[in-house]
Amino acid sequence: MKIRYFAWLRERTGTSEETIALPETVKTTGELMSWLAARDEGYAFAFEQPDTIRIAVDQEHVEADYVLSGTEEVAFFPPMTGG
Amino acid sequence: MTTSSPIDFKVRVQAEDFEVSAETDILTKDRKDIGAIVTFTGLCRDEGGMLEALELEHYPGMAEAQISKFAQQAVERWPLSGLTIIHRYGKIPPGENIVLVSATSAHRRAAFEAADFLMDFLKTQAPFWKKEHLKDVSNGTWVEAKALDDADAARWTLPKSK
Amino acid sequence: MTTSSPIDFKVRVQAEDFEVSAETDILTKDRKDIGAIVTFTGLCRDEGGMLEALELEHYPGMAEAQISKFAQQAVERWPLSGLTIIHRYGKIPPGENIVLVSATSAHRRAAFEAADFLMDFLKTQAPFWKKEHLKDVSNGTWVEAKALDDADAARWTLPKSK
Amino acid sequence: MKIRYFAWLRERTGTSEETIALPETVKTTGELMSWLAARDEGYAFAFEQPDTIRIAVDQEHVEADYVLSGTEEVAFFPPMTGG
């Protein structure tokens, strides 16, 4: 599964994208955030306030209770500031 | 409440600048049924001379898809004759264009409301992030999302009398 | 709620056509504090090919004075950086410009609301009268005022939360 | 006092502007409309529905109960259709 990070999530994790093998224990996007946060200090900093993080699964906005199934790409990013 | 099928629209996400008049000329060319053009242009402000440039990061693919989703909602909700949305990414110096929404219609209210609606959703729902690079600071700062922008977007989910 | 004094605006009532981009260029020239430009252009529709031309009669002097009165209200009510209003009179063929309102501001909501407000008041309070000349009829017909336009204008007298 | 007529009021009266001597009995813009309507068929047609007619005194909108005093110019016209 491809994971993408944007804006300060990209900067804090030091990663713009990576491919991971999803552990069996991780069912939802919220659980994925907790699992990623446990990796190292940078990831912990990136996900320190999971409530503020926006999530997209296969380029559609989803919530933290979204169940990952057949997902190709998950993206994490701050609230958007376009326009 | 229009019975005609919604029109096609144009969405572009690009690094290059755009020319507003060229875009509106395309929308009005060879047409005499357009009564109103509403054009919104968003520009990079220099924040009192402090700003060196704004850096716009985006999520390629999702940016186009999200903008197209809102454009589709707009052409279904309002009787538009034409709609063009352009959003830039990359480093943009003060005074340059960032975003364009141009809506044409037989009637002014449709054009105004569609452009206003689209800007509110581009601000809050399209995957773009602005980083401010100030002249006297080495590191840029990410622009924080504004609650006011969310409130603006929420206006469009209220029941409408029209 | 801006503390700076309202800006000057430009009002023109003229027979000649205008160039939208030339007018917005004047508003943005040498400025880097503008975040939003909202431009409304009103065009002559051909009414399904039936219309030969629209004839616009106006009350010289009062037209400029009324438009300026509403422009003054707009610059007092919204924090605008610039405002240009042009209204044509005389015979206007389908596809040509009738009216322009272009408002610039640091913020998009001010520019949108000011342009929207001004168009509502131009429709109902500025002394212009449209006569439709149809292709297959010798006499023109005066366009009737619409209750919907009055309702649109009445929106702006409601108390505002902002 | 100068009187101006616009749009179909101009067409019905056959006059775009004229100068009148205001009779002493005419105090308000409404009374002026009645007095003008009594002139001839064209004026009667122009003012047949005084409630629909808009009035400007010295280029400011006024109502039919406006008292004419020191007035230089009165204009009569249909509801406006600009924009």
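A few notes on this one:
We just call them A, B, C and D in the order they show up, numbering each chain from 1.
The criterion applied here is as follows: a residue touches a chain if its C-beta (ideal position, glycine included) is under 8 Å from a C-beta of that chain, and two chains touch if they have at least 3 such contacts.
A quick note: this is a predicted structure, and the numbers were derived from the prediction, not measured.
Centres computed as Cα averages put chain B at a distance of 22 Å from chain C. Chain geometry summary: the mean Cα position of chain B and that of chain D are 48 Å apart. Chain A and chain B have CA centres that are 27 Å apart. In chain B, the residues touching two or more other chains are 42, 108, 119. Listed for chain A are residues 83, each touching two or more other chains. Taken chain by chain, the contacts run in an open path, each chain touching the next and the two ends left apart. Pairs of chains that satisfy the touch definition comprise A-B, B-C, C-D.
Taken in their complex, chain C has these residues touching chain B: 20-21, 24, 28, 31-46, 48-49, 94-95, 106, 108-109, 111-112, 115-116, 119, 152. Residues 42, 56-59, 61-63, 65-66, 87, 98-99, 119, 122-131, 142-145, 149 of chain C touch chain D in their complex.
Across the interface of their complex, chain C is touched by residues 4, 6-8, 10, 56, 59, 61, 75, 77-83 of chain D.
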